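Both complexes below contain subunit A, partnered by subunit B and then by subunit C.
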Partner chain A sequence: MSDLTHVQARLLEFLRGEVFSPQTAVSGDTDLIASGFDSVSLVSLLLFIERTYGLWVPEREITEATFKNTRALAAVVVRLLDERQSAS
Partner chain B sequence: MNLTELLDSTASRWSPKPAIIEGDSIVSYAELVERIAALASQLQALGVAPGARIGLSYPNSITHVALTFALWRINAVVVPIPVECTDEELSGVAATLRLEAILARRRRGTSVSVQPEVFFTRLTPDLPADNHGLNIAFIRFTSGTTSARKGVVLSHETIRDRVLAANQALRIGPADTVMWCLPMSHHFLVTIVLYLTQGATIVLARHVVAGPFLEAVNRWRGTVLYAAPFHYALLARDASSAGICSVRLAVSTTCSLPEEVAVDFHRRFGLPLAQALGIIELGLICVNVDDPAARWNSVGRPLPDYAVHIRDPDSDGGGEVLVAGPGFFDAYDNPWIWREQLMADGWFATGDIGRKDAEGYLYLIGRNAAVINLAGRKVFPEEIEAVLNRHPAVRESRVYGTAHPRLGEVVEAEVALRSAIEPDALRVFCRAHLSADKVPSRIRMVHAVARTAVTGKVRRPIAPPVA
Partner chain C sequence: MNASLPHNGCDTLMLGFDYELRRRGFAGNSCQIVLELSAAVDPVRLEQRLAELAGQHPILRSRPARGLKPRWKPTRAMPRVRVHERRAGLPQRLFNEPLDIHRGELIRFDLIERTLIFTWSHALMDAKSAEYFLALVGGDHLSCPETDQDWYAQRARRAGGLRARGRQAWRELERLDQFRGALPVSLATRRQPVAGRMNYQVIALCPEDSTRVRGHAARMCGFLGDTNFHLAATLVELHRLHQRAGCPTASYVLPIPVGLRPKGTRTPLFSNQVTMILHQFFPAQLGTMEQAIDAVKTGNAACLRGDFMDAGITLGQLFRGLPLPLYMRMIKHELRGEICSLFFGDAGAVDPELESFLGAGIEGFAHVPAVTVPPGAGVVFSRFRDQLLFTLVYAEGTLRNGEAGEFTRHLRERLLDP
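Moving on, here comes the complex of A and B:
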């Protein structure tokens, strides 16, 4: 659980600082796509996750459900990290 | 000659046919031409004069298209500005190209509302722009403060010529429905203008994730896809059973197509991806419509109107790609440089490295490193370097593209420091001045950045091909 909270906090920090304008309030429940999360944001976020966790979110995971909000996104990232750990 | 005449003549033939579909809203050719006429008179009433350069910062939409043609109708010059640009970037473009106004979806200080979501902001350039008597339709801003080639100037005639040349291979017609997901502020001429002057229907995809995109392809029976490898990678990994059997042509553009994406997409949908080579200054030079399945890694043979020459090929046949043909850019601005001054022999040196096979198919083996192609967007290193160099801790910087298996290329930087600073802090500084896609994903600290011996300019090596 602490992993999830930690990942979500880092994603939120990135989205607030580097993707959304300061006027957009982003919380764990904010619908990202409805708030203007477009393909520029998508690419920046994928690169952030790759840089931070050494993890390229596989294309099959890049769905509307994953980008529903930061909580959903963090859950996917944590699951992928767990899968990687158990595979190694 | 004016490009709106081409649209008018298409519209008179196909008036009830859908021109553009955005969500549930369908605009016919007749309605599109009416919207354009109404916007044109409003813009004229606001004092937009022939030859005036107007910035257009508007997301993909029917309105983006209508505003472009409305400006053309009153002989104004369109300068697209990506919506993701920061205010500072926008002001930079406005000052460099001497824009007289900005049309945007966002309200700014002194803006006037043209329509509920269209705002017109008048600007006061230091000097009036000089169009040198040219019938300019479009200027594409290409880089920041240090490069001499800041804007690519294209006349109405030039755009018509390149559209007609491109359609000899694409063969877009009234039976086509094009599924659109690239940003219009980066791609508009040999795409949107071509489709609308040939009577096709354009469907604006709501988002690039695979589910909604495939749903739209099937709902509207799309026949043509035109996207970057990044988008095709998303589609290729879609886990649903949705097919795309209505699609006859899927063009992959903006950067090299990774083999994995080519193979997976072909396997998943039974349709090979046709790679293309488009260059801002020139138009669409190659598209592999003849043999995309076996030669997925070729951009194809040059289109009928173009000649491609490989200069000084090495033992493997690789050398710089030179191109001759119609519809090439008219000039650069600012400073103004006529095309003829730069290509006296009629050949344009692309900076790309390529080779041709025995049948004349062109393979790109290194891209022009002065442009970074990131998932369908073109990013110019100079403007990022200019921002990095402004940070007090930075002595000098070099920005370049690095091959990325999914995105084509990503932005990276080398920085020589005056005082210690963390890469993350430099990234946050960049983001304050640049759109998110231009922030270097990796910043390396070095003692000195690489420079060319002759000019002292930052060295831009030819980027390696994507593996």
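Moving on, here comes the complex of A and C:
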């Protein structure tokens, strides 16, 4: 499984279990904002990413484009993890 | 549907506030939604709809039964619809008229020509549920899909067994104990309002100004930052109000309501699926909007990171069986008689299904909240279509001559020009 697929799967698992109702079908392309994702969901998700990957998503990356759907978010997380690895 | 539903920790908190308000001569913890309609609605048709719903959901005509397992007990009462002639000061009088919750009156409708006032006991449901309930009552299809699922209670159980839950609740009490190091003192405590009457001001920004405020929120608070922006503006103006009034305080403690229903569901409808996270802010953090925003963001992340949201829920759930006088003493004990410095709420966008009511278009909308004394004042934001609204509620005497108008004017200006 590629990093991107793995990260996306973890994010989806969190969103399905902690943010969205069981009746809400959440896939990689689901528009999170249109489905009710709000500011508390955002902080919860950021904290989940911090706990899981030791990465705090920087302010400049917290945009509508990043949180449009899980696929876009996973791509940003993978890029940030790669950048961190390159820097170290 | 179970006719005898248990109260969760938040229902009990709302009942506690109701007890406290009535004890001090106020109407209780009942709130209103006011709709301005394009045409008057037929009261008989509305009564029929309510009777049908009360038949399906006996909780709508229940009374609170306290004890070790507090719950709703059905009565024979039916929701009332009253028709009034328009006259000066009538809405204000209706806002201050108590519901007879101990005889099963948990909701009431008042019609004044094209104005509809929906009053509901906050012990029955939260503001988002009230919006959706109104959409159901006034909509084309009268179905109300209710469940027995309680997200609040479920969340409290996540900590584990009773001992683990006790430990978690204790952590929240220890956090609140620390607030006493810089004790907040509300204006109501300084001024001791005694009149037993709540006053309201509803401010509706025009669509252009509302867009401007959203732009400021996005620029200063980032993505999904509207609530943080509204809270920061309210905090800065609350601090300035205390300064102007000559009532300094070592800190401000505000409860920030957080909805607990998972996204994509509105059930359970007749239940409070909300928790209040208490945040403490210091005067040095409230000099500018930038400082206040930073304090709000840091506070939110710290509360979630430290699991204090869940700790508060567990605490609420553990103590829900206490008799209300004892329960309220415990709530007020932490801050030596205070509950908070100001009630803050942000209901966000009004339920999109609330488009019309029994065939009449909805031309205006307002939330009219209740607030305990102390703090004796509160601000609630909402967004109806493309308009940002906020309501200031205050117990008579908490704010003096001109102070309420001055506060809402300054808050509006702060939102438009942070």
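Rule of thumb we're sticking to: the second predicted complex is superposed on the first by the 87 of 88 C-alpha atoms of A that agree within 3 Å, B and C clash if a C-alpha of one lies under 4 Å from a C-alpha of the other, contacts with A are read in each partner's own complex, and residues count from 1 in each chain.
Quick note on the criterion: a contact is a pair of C-beta atoms (placed from the backbone, for glycine too) under 8 Å apart; a residue touches a chain by one contact, two chains touch by 3 or more.
In this text, all values refer to a predicted model and were calculated from it rather than measured experimentally.
If you put the two complexes together on subunit A, you find that subunit B and subunit C bump into each other. Once the two complexes are laid over each other on the shared chain, residue contacts for A:P58 go to subunit B alone; subunit C is not touched.
Contacts of A:V40 after superposition on the shared chain: both subunit B and subunit C are touched. In the superposed model, A:T24 lies in contact with subunit C only, and not with subunit B. Residue contacts after overlaying the shared chain place A:E13 against neither subunit B nor subunit C. Among the options 147-155, 237-245, 309-317 or 417-425, the segment of subunit B that ends up inside subunit C in the superposed model is 147-155.
Comparing the two complexes, residues 19, 38-44, 46-47, 59, 62-64, 67 of subunit A contact subunit B in one case and subunit C in the other. Contacts from subunit A toward subunit B in the complex involve residues 17-19, 33, 38-44, 46-47, 50-51, 56, 58-60, 62-64, 67. On subunit B, the positions that touch subunit A within their shared complex are 59, 84, 181, 183, 207-212, 230, 233-234, 236-239, 374-377, 405-407, 410, 427-428, 431, 435-437, 439, 441-442. Put simply, subunit C touches subunit A in their complex at residues 222-228, 258-259, 261-265, 300-301, 304-305, 348.
Contacts from subunit A toward subunit C in the complex involve residues 19-24, 35-44, 46-47, 59, 62-64, 66-67.
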